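Shared between the two complexes below is chain A, which pairs with chain B and chain C, respectively.
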Partner chain A sequence: MDFDMECFSTGYEGVEPGDGSVALEDSIMHKGRSATAGSRMLEGFISPISATVIARLESAGYRILGKTTMDEFGASGLFPGAGDSPTSGSVVAVEQGLAEFALCNDYSGSVRRSAASHGLFYIHPTYGTVSRYGLIHCVPSMDQIGIVCRAPDGGERVLSIISGNDPNDGAMLPDTGFAAGEGSRGRKPAVVAVARNAMAASADSPAVWDFAERFEAVEFELEHFSLIGAVMQALCCAEISSSLCRYDGVKFGHRAADYKDMRELYTKTRTEAFGVEAKLAALAGAMVLAQENYSKYYDKSMRLRRVIKESLDFEKYDLIALPICSASPEGLLALHSLPQLCGLPSITAPFGNGGVTLIADAGREDVLFAALREALKL
Partner chain B sequence: MNYEVVMGLEVHVELATESKLFCSCSAKFGAEANENVCPACAGMPGMPAVTNKKAVELGIAAALVTNSAIAQVMSFDKKSYFYPDLPAGYQITQWFAPICKDGWVEIEAGSGKKRITLKQIHIEEDAGKLVHEPRTRSSLVDYNRTSVPLVEIVSNPDFRSADEVVAYLEKLRSLLSFAGVSDCKMQEGSLRCDVNISVREEGSEVLGTRTEIKNMNSLKAIARAIDYESRRHIGAIEAGSGELIQETRRWDDDLGETFSMREKETAEDYRYFPNPELMPIRIDEQWISSIRDSLPEPAHVKYERMTTQLGLPEHDSKIITGSLNLSRIYEQTLECFNNPKEVANWIIGELLSIVHAAGVADDDCAIDCAKFAGVLRLVEGKTINRAVGKKLLAKVYSEGVDPDEYVAKHGLGMVSDAGALEPLLREVLEENAKTVAEYLGGSQKVFGFLIGQAMKKTAGKADPAVINELMRKLLSDIDRKSV
Partner chain C sequence: MLDIKQYEDMTMLDLPEDERSLLSGRIDALRAGFDSMAQADTGDTQPLVTVLELCNILREDSSAKLISREELMQNAPEQQDGYFRVPATL
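Here is the complex of A and B:
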């Protein structure tokens, strides 16, 4: 292929780029192809199965272009202060027009931030509405396949293809299909709520206000906003540390060359093949889950997660609008965590001189699309 | 000094599901190594767990037959540790919200009836199996058993003797196998038992140092291990040696001793947390009652019915209801041959002696009940005698022959025609003149010998009633003549 392949970890030979082609983040498994989730641990691992989303896209006539690069198990977004990670290959592939859209698992929120800053949209569906069969586990309570696309309409069409119940995923919501075009029929948002405390110190505040004021704008205080980043780190690290336990050099993936016993097989294999962020997440997660810390960190974070979710009141507003930029790294993580923590659908969009994240009630993707159509005069 | 042994049990029972707990692989015992493995139970990434509903239903059935309080919402948790037989690096189990709590089971041991209370029952997945190859100094892993559904039944420390432990395990086996929860075969590992044991001075309120003993593969091994371990504890207490430590010990059945499993210096932290891949499961009254309504008849109800309605002796009812398999054979045979006492007699008197002689346990005896009934019908209709019937039953059991065809083909039909039998009997009397003389001299016991000889001549096919009567008649004729 004669286009820039830097954003691909594996490009498939002989597939025509452009409209009708899909890029998959390397955490989505495609039978007979490699799937590394960006980790040396899975170098050479060939998927024994294909993700449900692939079968659905192919039967809708889309072709798979290849697997895009990603940071290891998507974990670097959890440590936003720790250094710059390269832009997700999914964003690059769509921005360059190689792929019409890309699918990825953006549990840490870093892909959506980068998508919007590259003028792209990121659609995060309601938790449990898109099958995760064939999606490499990272943070199961937040893992969700989302869509990087150039315009909301295209994303809406893709969402209607990939969403819907799958008996191979045991943690899906019942009746999870989303039909494209519902936005036009669905309820147009009337009230958009802006979180006052999340707006502080964000360069995006004018853009967010501009967006909200196209509807009836109200202000509210997002509860425990200052703790969201910490809650997010504790929960994600706990779950990642568990998801990574399967990589022990025994069955698949990397195995250390020399070891004198089982224990050394484990430690050498994991020391060699995990990168800094994966190790950091695994260690922090093991600490959070340790018996003496469980109630202090993990359980408390779970309680906060529930309190935060229950504090959102979609009786009072139809959408929440959040900025995408923050002056502090912790603020960034907090800004891009709310949909995953609460299992809510959201779209992160470029808008004005910055961007905006819109969050709707569970299952109300239609409201998100209707709002964007209205505000962008599509 | 008198001592009291205090024990609590952890019993693991494999659930009788077709497939594994979180994938659709077969859960059957006895497949080739790694035959029943898929990417999900091999721990590969990207394979979401999907809970087997049947396993939860069998868990509810286990809760019902042990009088347990069923949770309104149960959930699964992860227990993390590294070991090659655990492919995902964590076991899915129930730590925070098990399926039920606070049950009890009534047992009858030497001291009379006693209620054993249960702390909880939880559902979990089994681990794989390591096979060590000393020759190549390597270990092989078989993942067939990985993710096979289990319930772990945790009792309170209510046991005071090995007899009580054995009675409890037999009761559990009966309750669970009759409810269809598990086949409860210790030799195949579908029922496994770990014993927590401590010893204290009689009358003391304080528990002694506790050890956990594992690796007992039969009730006999459990009783021996308890006996050994309690004597080891008493010895250590009396010597004041301080050698008793809280630890896990492995029973070696050949040596008849327990050995320390050399645990790591620090206790392992399993980092339990709620499994984020699985939604909590709500168990409502309707679900429970539909399972309660479809529970098969338990052993004690069957026993009552057999002794009262069917009029079987208590001894017979007890043997038949001692095994789900035997009671099934009894009931299915009874459907084809409606004579409750006769079927029971044939199972206990004949079938079991054939089965036991072949070294097969009651639970594993397999026979075509329609053919079994066919044998009984041939005996009842006097087509064959009882002795031939027993041989025929052995053929039905070992080769599955059709009783009617077999009798016709081998000419086993009973000879009840006195005219045909008389010449044979006369031959016997002539050949055994000395014995005849003894009989006529008043020795009744040689009569049996003469009958035996006559049976031999008819290849065992003679009608015993006819042959008896005819023999007596011929003998009295001789007697009369000689007078």
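Here is the complex of A and C:
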């Protein structure tokens, strides 16, 4: 079936939508197909390689339906409150039943937020579990391919297919990955921790408590919650600023039409082709990394990242439950940053009259799936 | 308001005046957030660069051809005789 849906930047002709089909965010390369990462900078770029996740899905019998739209380099979610971003094409493709599921790199949290508000689930695997070979990277210390799906058991199956060590990705865990069915066999969570300070002014508080009280619910204080948004922005902008350096109009991507020397070629090309959010991230990143700011911004944010990660104590609880919405933009970013900052697995799910994000210890995706089975009576 | 011209130079951007004004304001707001990190005492905690904290595992030093020259060059904005074409640098 041919289709031309707005949620796709490229739909592949002759591929049947529906069950068994996969939508890929336009940051995931598929050999011979375009990959733009939502940027004018990569208009017309043809992928020279295919991502490892594509080979694994095709081996399992899935067909690739096309590439979905995204905001430029996925960066707009870092700056909530600056205006409404369009809904991710991955979410629309799954919600409308065109794709059984979609893969994307939601480092800024905007896709998972949008997924839950459309009745879908977003699975963010433990950092280093799913190969990023073939992913157009933006924030290497947090980039991780995740899954938009209609139900957790479908996402669990997909995770078991795409996870596992890949020698082409130099920052992966050495183990063999996640096996489907671990959720039903794995340890059921007994204690769910609710972050008291993250619940303030969230309309999702009743949904989070409703979820937690199906288990033994405990409260805790999430350290430096009010600073998590700033830490996230400082680190992401620094890494994006560095990642965008390769777009210079020489080897691939957009090139300005008129220039008199190399400097002007670089400058005109980048000024013309990057959108506002990409420029903002690059400039803010340059500020964070500048010699006079390096210690107070970049180094400080990396130290805070460790303090926050080491403050989480999965000896005392099995899961952390967080709301998905917040009254403030800073709170919104903080709520959707913890898994990426700490490299932890999470599932963002619609629940009750709102939504909940569940976070488990590294490598314990089984606990997440078991909790959802228990709470949703699947 | 923050003068962002120095950061434009660092990032190889040359913004039109309206965009410079818009982004100066937004970067100023981000800077206020970054400054707030100073209130947190991180003691002697070491920076966390990556969550994996694995040591390097080096692969065998063997050559492999991942993509062909033609595949590599297909995305070149300008090329000549199989090379990337750029303005004269000397």
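Just so we're on the same page, the second predicted complex is superposed on the first by the 373 of 378 C-alpha atoms of A that agree within 3 Å, B and C clash if a C-alpha of one lies under 4 Å from a C-alpha of the other, contacts with A are read in each partner's own complex, and residues count from 1 in each chain.
By definition in this document, contacts are C-beta pairs under 8 Å (C-beta built on N, C-alpha and C of every residue); 3 or more make two chains touch, one makes a residue touch a chain.
Please read these numbers as outputs of a predicted model, since none were measured by experiment.
Residue contacts after overlaying the shared chain place A:A234 against chain C, while chain B stays out of touching range.
In the superposition on chain A, A:A37 contacts chain B only, with no contact to chain C. Contact with chain B, but none with chain C, is seen for A:D169 once the two complexes are overlaid on the shared chain. Once chain A of one complex is fitted onto chain A of the other, the partner contacts of A:A286 extend to both chain B and chain C.
Looking at the shared chain after the overlay, A:K251 reaches both chain B and chain C.
Using the contact criterion defined above for the overlaid structures, shared-chain residue A:I136 touches chain B, although it does not reach chain C. Applying the stated contact rule after C-alpha superposition, one finds that A:A51 touches chain B and leaves chain C untouched. In the superposition on chain A, A:A327 makes contact with neither chain B nor chain C.
In the superposition on chain A, A:S301 makes contact with chain C only, while chain B stays out of contact range. More residues of chain A lie in touch with C than with the remaining chain of the pair chain B and chain C.
Looking at chain A, you'll find residues 48-49, 141, 167, 171, 241, 244, 248, 250-252, 262, 266, 286, 290, 302 touch chain B in one structure and chain C in the other. Contact residues of chain B toward chain A in the complex are 22, 39, 42-51, 78, 80, 82, 84, 87-90, 141, 269, 271-279. On the chain C side of its complex with chain A, the touching residues are 4, 6-8, 10-15, 19, 22-23, 26-27, 30-31, 33-40, 42, 45-52, 54, 57, 59, 66-67, 71-72, 74-78, 84, 86-87, 89. Residues 29, 35, 37, 42, 47-49, 51, 132-137, 139-141, 167-171, 238-239, 241-248, 250-252, 262, 266, 286, 289-291, 294, 298, 302 of chain A are the ones that touch chain B when the two sit in their complex. For chain A in complex with chain C, the touching residues are 44-46, 48-49, 79, 82, 127-128, 141, 167, 171, 173-174, 224, 226-227, 229-231, 233-234, 237, 241, 244, 248-255, 259-263, 265-268, 270-271, 274, 276, 279-280, 282-288, 290, 293, 296-297, 299-307, 309-310, 330, 341-343, 362.
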